[in-house]
Amino acid sequence: REGKSFFGTIIPLIKHAFYWTMSTFILFSTSVGFYVLFYCLIMPEHDVTRPIYFDYNDKYCGEAICPPTAKIDLLSSNTQWHAHVPSVVPVVDRNDKCDGDEEDEKKECSNNDLFGILEPENSYFFQVALIMPESNKNREVGMFMIESILKSNVLQEQKSKDSKSKVIASSSRPSLLPYQSTYVSMVKKSFLMIPLILSAIPEARTIVIETFDHYIESAQDPMNEVEIRLVVPKSQNQNTKPDMYSELQIWKAELKIGKELNKLQRIMKKWFYSSAIVGITLFMSIQIYIIALVKMWKY
Amino acid sequence: REGKSFFGTIIPLIKHAFYWTMSTFILFSTSVGFYVLFYCLIMPEHDVTRPIYFDYNDKYCGEAICPPTAKIDLLSSNTQWHAHVPSVVPVVDRNDKCDGDEEDEKKECSNNDLFGILEPENSYFFQVALIMPESNKNREVGMFMIESILKSNVLQEQKSKDSKSKVIASSSRPSLLPYQSTYVSMVKKSFLMIPLILSAIPEARTIVIETFDHYIESAQDPMNEVEIRLVVPKSQNQNTKPDMYSELQIWKAELKIGKELNKLQRIMKKWFYSSAIVGITLFMSIQIYIIALVKMWKY
Amino acid sequence: REGKSFFGTIIPLIKHAFYWTMSTFILFSTSVGFYVLFYCLIMPEHDVTRPIYFDYNDKYCGEAICPPTAKIDLLSSNTQWHAHVPSVVPVVDRNDKCDGDEEDEKKECSNNDLFGILEPENSYFFQVALIMPESNKNREVGMFMIESILKSNVLQEQKSKDSKSKVIASSSRPSLLPYQSTYVSMVKKSFLMIPLILSAIPEARTIVIETFDHYIESAQDPMNEVEIRLVVPKSQNQNTKPDMYSELQIWKAELKIGKELNKLQRIMKKWFYSSAIVGITLFMSIQIYIIALVKMWKY
């Protein structure tokens, strides 16, 4: 009898606890899902996303010391390989803009071959995203610079190679592999062991470097070529620290160009975790409110 | 029967304890919230907050040894990138001040193109906030200097680049990564493990260096350019300690300019924890007093 | 029934013990409070408290080896930054002393522009307080010297920079980071873990170095500039211990000037803990005496 009364009190308690835990969990999950959806809808798509292939080989460089360089032609659909025969590259339809019905416009278009891929008079930001392995070499290098040069490449003829390149803007930004102590790193890797073993996620950090902000695309000088250089500052004492131009290890790199964020987007990005907490809480309260309303209406 | 009497005495006690704990916790939380709100309301907003991008690359520097340097043009809305074509930068309305109705005023404004972003005759402080990783490299460097130079850049014409730069004030302040022993560091990281793994907070320390205090903006020489240099003192013995100009690792840096604090603000900032304790205690007593009053008025 | 009588004997005992513990604790706390108040009232305020910013950069120094130096102009309200334009510094009213009604006095004042911030014919002490991190570098450095030079900077004109500096007094005092073994340090840090994690207190020691005592301010040569140098003695054997000028890590430094202590103040400072015990015991006896008197008067 005592046992029965014990179970009689304990089992409903467990049922209750399980019921509440499960419903809280479901409520939390759906709220997180809603917030993720909301975040994706609010945040603008990047207008341009291009892979960056750095050329670590200095044989093409005339100077004594050449940093790894990548030249990205934004007008071409192929990514950074040189066509020595023109027919092997897909033809880019550079006459998108000139498809107007009026003949004058067409004429104007063919006269001055100015092409960009950004909308003129709009404000853009440029980002270079580097996926850097958490290797000792990268740690030793420390600070490095990302030098970006925006160029306007005016083509005289459709298929000629005589192109005049005009530098529009340049920036050089410092960066480094974010420091993580062995202790934190070990704990993190223990949690992520299964995807790490499966190579689903690399043992690397993604570093996003804002190279340009509030860049306004000019109608006269449309940006269509980006040159990115990876510069490791030269050490004064050559004996203790060798020249490390080729020491920096980059797993993958990407150029991202997007329209400048508005105020809400900026807040949601800068205060990512804070706004996530606020947003998720909000979505949870809305769900609870709706459930309460439904229950009230039922009975 | 004994069990019943046991539960009969224990359950009200637990209820009581729970009730008191909860109400104390709520009271404490709301008091902390009130103090945070009060602190934010009292403390002035920074008038200017700009990111600092140090240029670790010494190729543009004529001297033998070049410290990492950042030049911040406070008049431009873009951050530290060079426009080689004027149309790609947002146009800064430099005629804000000259919107007076009287023609004389307008004329005077266009005559001498002196623009600053601070209010003349006001007293300001300048801060450089560095987020430094707690890495071994940074610990080895030890002391370093932040050299700041305030300049007045007088533009002859709106879009010309012929600008004369005039040094207004200079300061050089020492700083270092705050020491933290392995023991304290490990305990701290254990507490903060979840946000550290999520990279919500970096494994870094924020160091705030006051570069100027009681700086009075002059109407004749408005400050509109700040040059900040990161100098690591040259070691006398080159063999044991190599030159470490490029060794100092800075994750992020920010320039902050604000109006000088008044007495209350200064006390609340300098004695942060003491005034927090006093303030929270005060808010708690006020709440208790109000609750007591309400209860007395009820019965 | 046994249980009942058990509770009947235990509860009054607990009540009694609690009552006595509480009243002893309150008595002790108020006595400590009274002593702290008494100590603050007795001890003189420092007449001058200025932050010291050491310049670790030796590029401005003509000599071969330059120790970190700080120059403190006691007349200026801004702290150790150079104004290249006079209007950006707050104007110091150097005519405070000359506000007498008699014209002769005024005249005399404007004739010889000698200004100090200490009262002439009074006796002062000078202290340099260093907050040194308990880092290995500081331990390795060992002994170092604080060299102080007091100067009288006679200004010819209000805004001219032609000032003649006259050395009044100089001192050089040795110091070192107080030794603390790992064992004691670990126990201490365990007790202070919460404020250490919150960075409310730094892992550093405050070292107070008395640089001058019984310094009498002269009316003819008022002291208004202090130069402080941080000298690490040059090792004879360059191989074993490299030159460590830039090795000494100072988190913060402060110059304090105050009037010489009288006998009671000197005793209370020198025998700090002993006089604290005596004082607190005294205050406790006084309180007990008063309580006893009140109780006697009541019954």
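For clarity, chains are labelled A, B and C in written order, and residue numbers in each chain start from 1.
By our rule, a residue touches a chain if its C-beta (ideal position, glycine included) is under 8 Å from a C-beta of that chain, and two chains touch if they have at least 3 such contacts.
For clarity, every value in this text was computed on a predicted model and none was experimentally measured.
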item: Chain contact graph, described as a line, ring, star, complete graph or other shape; value: line
item: Equivalent-chain rotation between subunit C and subunit B, CA atoms, steps of 5 degrees; value: 35
item: Centroid spacing, where centroids are CA-atom means, of subunit B and subunit C in whole angstrom; value: 27
item: Intercentroid distance (Cα basis), subunit C paired with subunit A, Å; value: 51
item: Sites on subunit B at which at least two other chains make contact; value: none
item: Contacting residues of subunit A [partner subunit B, same complex]; value: 123, 139, 142-145, 147, 150, 152, 166-174, 176, 178-181, 183-184, 187-188, 191, 211-218, 220-221, 223, 231, 233-237, 239-241, 272-273
item: Residue ranges of subunit B in contact with subunit A within the complex; value: 53-58, 65, 68, 77-85, 87-90, 133-135, 137, 185-186, 189, 193, 195-200, 202-204, 238, 242-243, 245-251
